[in-house]
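First chain A sits with chain B, and in the next complex the same chain sits with chain C.
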Partner chain A sequence: MSCLHIKNLKVSFSTPLGLLKAVDGVSLDHVDGETLALVGETGCGKSVIARSVMGILPDNAVLEGEIYYEEQNLLKMSEGELAVIRGKEIGIVFQNPSLALNPVHSIGRQIAEPLIVHDRMKKKEALLRAVKLLEKMRFEEAEKHSRMFPFQFSGGMNQRVLIAASVVADPKLLIADEPTKGLDAALKARIVEELEIVKRFNGTSILLITHDFDLAEKLSDRIAIMYAGEILEISPLKDFFSQQMHPYSQALLKSLPDRGFVPIPGASPSMLNPPEGCKFHPRCPFMREICTRRRPSLVKIGGREVRCVIYT
Partner chain B sequence: MRLKPFFNRRGIIKEKISLNKFGLILFSFFTLTAVFALHLAPYDPWERFEPYASPNRYHLLGTNDIGNDILSELIHGSRVSLLVGLGTASIATLLGLIIGLVSGYFKGIVDELLMGITDIFLMIPRIPLIIILAAFLRPSFWIIMLVLGLIWWTTTARVVRSKTLQIREMSFVTSSRSLGFKNSYIIVSDIIPHLFQVLSTKFMLTTASAMISEASLSFLGLGDPSMKSWGMMINFAFQRGGFINEMWWWYAAPGICITMCVLSIVSLSFSFEREEQKVIAGM
Partner chain C sequence: MKTFRKKAVRYCLAVFIIASLNFIIPRAMPGDPVVNLLGEDFSVSQDAIEELKAELGLDKPLPVQYLNYWRDILRFDLGYSYHYYMNVLELIISKMKWTLLLVAPAIILGAVIGAFLGSLSGWYKNTFKNRLSTSLFLAVYSTPPYFLSLIFLYLFSFKLDLFPLKGFYATGGLMDIMHHLFLPALVLTLFIASRNYMIMRASVLQEKGRLYVEYARAKGLLGRAVLFRHIFKNASLPVITLVALDFGFILSGALFVEIIFSMNGMGTLIYDALMSRDYPVLQGAFLIITLMVITANSIADLLYSILDPRVRLK
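Moving on to the complex of A and B:
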């Protein structure tokens, strides 16, 4: 059974320079309980997918396609209906945690808020639950810290608080949008640990959005590679790291410091007027004549899917 | 507003503390006087003694044309003046808050409509309107308070709207929305706490200007003659021979009171404003 099912999602933004296609026909099946990592370079539309699922895109966004959550189309829902699903069914962790927390309320209150609002819990009881959750997430001196304010915390601590606030109402799906952005290695390890606790104890499915292969390798079951608003490859984690299918995936892994440090030639394509045919062809070492004309479709090979003419 | 360059000079911290104290002490002095007027005033302000007395042992500020003790009048007058000021400011701030919040948070057609109405209200000349109303309605200080409050919410509404527009785009509001909180909850829990600084400053400035307006109206003879406000006292002093007979204590005392009280409120609100700027600069 799939809990999140995205079908041919297209998101564009009308800008003064023209229509910017941020997401161009993305289809995804997220199986219950699994962790799916969405990996891609900055600006390839990963966060836009997360925001379309939550329905919090800016006003100039144009959406097409369907997003099903347990047989309900999220894109056809009113703001009021969505409010019931947000937080209670689907939670999200944003990047820039220090900005995503309200500076005037205490940490404990912000974690307890979803319980007070969604489950109509008494304030005292909810605060107790918040402290318990912080303890479960191995937060030192949870009681004392819950009475502090976001500006007294470091970015990493705020990120952990944000994860706690997103999972306190026990959502079935958690979207983590670059949860380790701007954090050092030690803090990153804490975030990984925290997300693992969430996975293990609550059975939460996670949609992990990142550009960090380390994080994806540690947490995810499947990995999807995005480039310029498209998905180029979806593979189970083990298969992906033993052999990448798409030339972009291969190049991307080779560009990592501990795997060769070979940069990908050329620059990322403009989202305003992307290249014809395969969007990766100007930078692809295996480019053929057909790549400049025809946009390949996602092809299923075994348990994997790939968008490249080599495999057709 | 003329005081601002004086506050903004270098060496702010020293000035700030002294000004803050000055405003606070003076304002609490006036507030306490108003609250304990019954106990502080030596006589009932309506009690009659020898008229036109100069300041003496029994009447520290002398008596007026019908023999009322001026000091007692002054103490009881603080009640009326402060009440009109605070009452007007409460009505205006509440209205401004609601209209600005709704307009800034929901945007779109609601915003256009409410801001259009605000523009219309901004065009109404205030004092002339009140003069006309006072001429037609029975002069009562409740009506002055209500009318002042009902037309003075405009600037508050505009400030609140722009602040709300700014706050609603911040990440923690998006974050609250994605935690599934309703608009009403987000407004109360995320937006209003951030408006406190703006509101407190606006509230005080409205209080100060409402007090001045009340005094001016009373001085023009459009006030409530049954209430002894400071403006009314000056009016009587001018009409009933205080000025011609050089009985300066009769009109100077309420004049000084109005000035000091307004000054204390304005300096308090400025120190609030600077605190806010310090917080913004600190972040």
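Moving on to the complex of A and C:
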């Protein structure tokens, strides 16, 4: 069973400079209960996919394709129908926790809010549930913390609060958009622990969006590599780390500090007028003539998928 | 609590400085203080002037006068008006009652209406209804209150004969007073509401783009619930500051409105005192209005700390 099924999603933004193609034909199958990591450089369109699923893109976004959540096409839904799903069926954790929390509401209230909105719970009861959740997430003084405000917390604490608020109504799918961005190693470990608690206790499926391979390795079952609005490779975690199929995946891993620190030549392409053919061809060491003309399609090889002419 | 004490000290200091200025200004003015006190159209003999000077303590050295000045203030003695033949404090209180009856409802209604409509207009920025209301409020905002008063007076009282032309009351009685108050209170309310409307609108437009708003939607809040549960409190903070800062401005606005509607309140009192150079009344009014503005600011501080935990807990 797949809980989230994205089919040929295209998202562009109309800007004064022209149409910016942020997501260019992405298809994904998110299996129930799994953690799928969507990995790519900043600006490759990862977060746009997250926001498309939630239906909270800015007004200048143009969407094409289909996003199915449990057989319903989210892109065909009205704002009212989506509101029922948001926070209850699908939760999201943003990358700037201190900005995502409301500065004038208490932590407890913000965590309890989805219960009040969706389950019509009494405020007192919802607050109690919020405290219980904080306890489960190993907050030392859950009761006291629930009465505090975001400005009294560090970024890492706020991130944990944000995760709590996003899973309090027990969603089937949690989208975590760069949940460890800007956090030090110790805090990162807490976030990993917290997400693991969510997975274990609630069986929540997680769509993990990150540029941090370390995090993806710790949490995910499968990994999808994105580049310039496209998915270049999807592989089970183990297979991916033993051998990357796409030249970009290989180059990306090699560019990490502890795996060689070799930078990828060239720069990420402009999303306003991306290169013809394979988008990675100007930087690819295995580039052939055909790569400049034809965009390869995603081909299945065993349990993996890859978008490269080498494999066709 | 500590910040509260700090603020209290600051307010006391402000009162002290302003009251001291109030002592210095009339004494620094050219001319004979007694002549200033009585007004130029009084002619009194030199002996009588000396006698009056001694009686008022004006023959004593300045430091002694200054101490006596504070003694009088602490005894609630603001002096005597030789124009009204009346104790100044009593005079001011009798007029202030009426002015507050006009201004207080206007401030409260103006704040509520302005904040509410302004936030809706910021939220639904591009609908026809909101463009219309924004243009209307902009028109009111850019019209001086005395001019608006004149137009309303001409239209509703003179032409349509719906409201009385002048005064706070004719026969007394609640309905009669409300009938008289309606038009000037409406002008003031519109004036205050338009200022709050503009600030609230801009504030909501600014808050709307923040991530916590997006997150509120991601939690499943819909439409106006996002506005009223999440944005409103954040966006209303500048409005509170504005209302407090505006307090003095509102009182002076009320002054013009009172004069145009020939209402016998603070506005008319100050205007007449100005015209006849009734310094004890002017000084007294100055002091009382200062105290009111400072009180309004401290109330705003209090509201701020209730609404914003960042102010309360820091």
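As a working rule, the second predicted complex is superposed on the first by the 312 of 312 C-alpha atoms of A that agree within 3 Å, B and C clash if a C-alpha of one lies under 4 Å from a C-alpha of the other, contacts with A are read in each partner's own complex, and residues count from 1 in each chain.
By definition in this document, a residue touches a chain if its C-beta (ideal position, glycine included) is under 8 Å from a C-beta of that chain, and two chains touch if they have at least 3 such contacts.
This is a predicted model, so every value here is computed, not measured.
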With both structures lined up on chain A, is it a clash or a fit for chain B and chain C? clash
Which holds for A:A165: it touches chain B only (first), chain C only (second), both, or neither? both
After the superposition on A, what does A:A83 contact: first (chain B), second (chain C), both or neither? both
With the two structures laid over each other on chain A, which partner does A:I56 touch: chain B (first), chain C (second), both, or neither? both
Which partner does A:N96 contact after superposing on A: first (chain B), second (chain C), both, neither? both
Determine, under the contact definition given at the top, whether A:Q152 touches first (chain B), second (chain C), both, or neither. second
Contacts for A:P114 in the overlay, against chain B (first) and chain C (second): which applies, first, second, both or neither? both
Touch check for A:S106: first (chain B), second (chain C), both, or neither? second
State which residues of chain A lie in both footprints, the one left by chain B and the one left by chain C. 54, 56, 79-80, 83-88, 91-92, 94, 96, 99-105, 113-114, 117-118, 162, 165-166
Under the stated contact criterion, what part of chain B meets chain A in this complex? 170-172, 174-183, 185, 189-190, 193-194
Chain C residues touching chain A - in the complex, by the definition given at the top: 210-212, 214-223, 225, 230, 233-234, 307-310, 313
For the complex, give me every residue of chain A touching chain C. 54, 56, 79-80, 83-88, 91-92, 94, 96, 99-106, 113-114, 117-118, 149, 151-152, 162, 165-166
Interface with chain B, chain A side, in the complex: residues 54, 56, 79-80, 82-88, 91-92, 94, 96, 99-105, 113-114, 117-118, 162, 165-166, 169
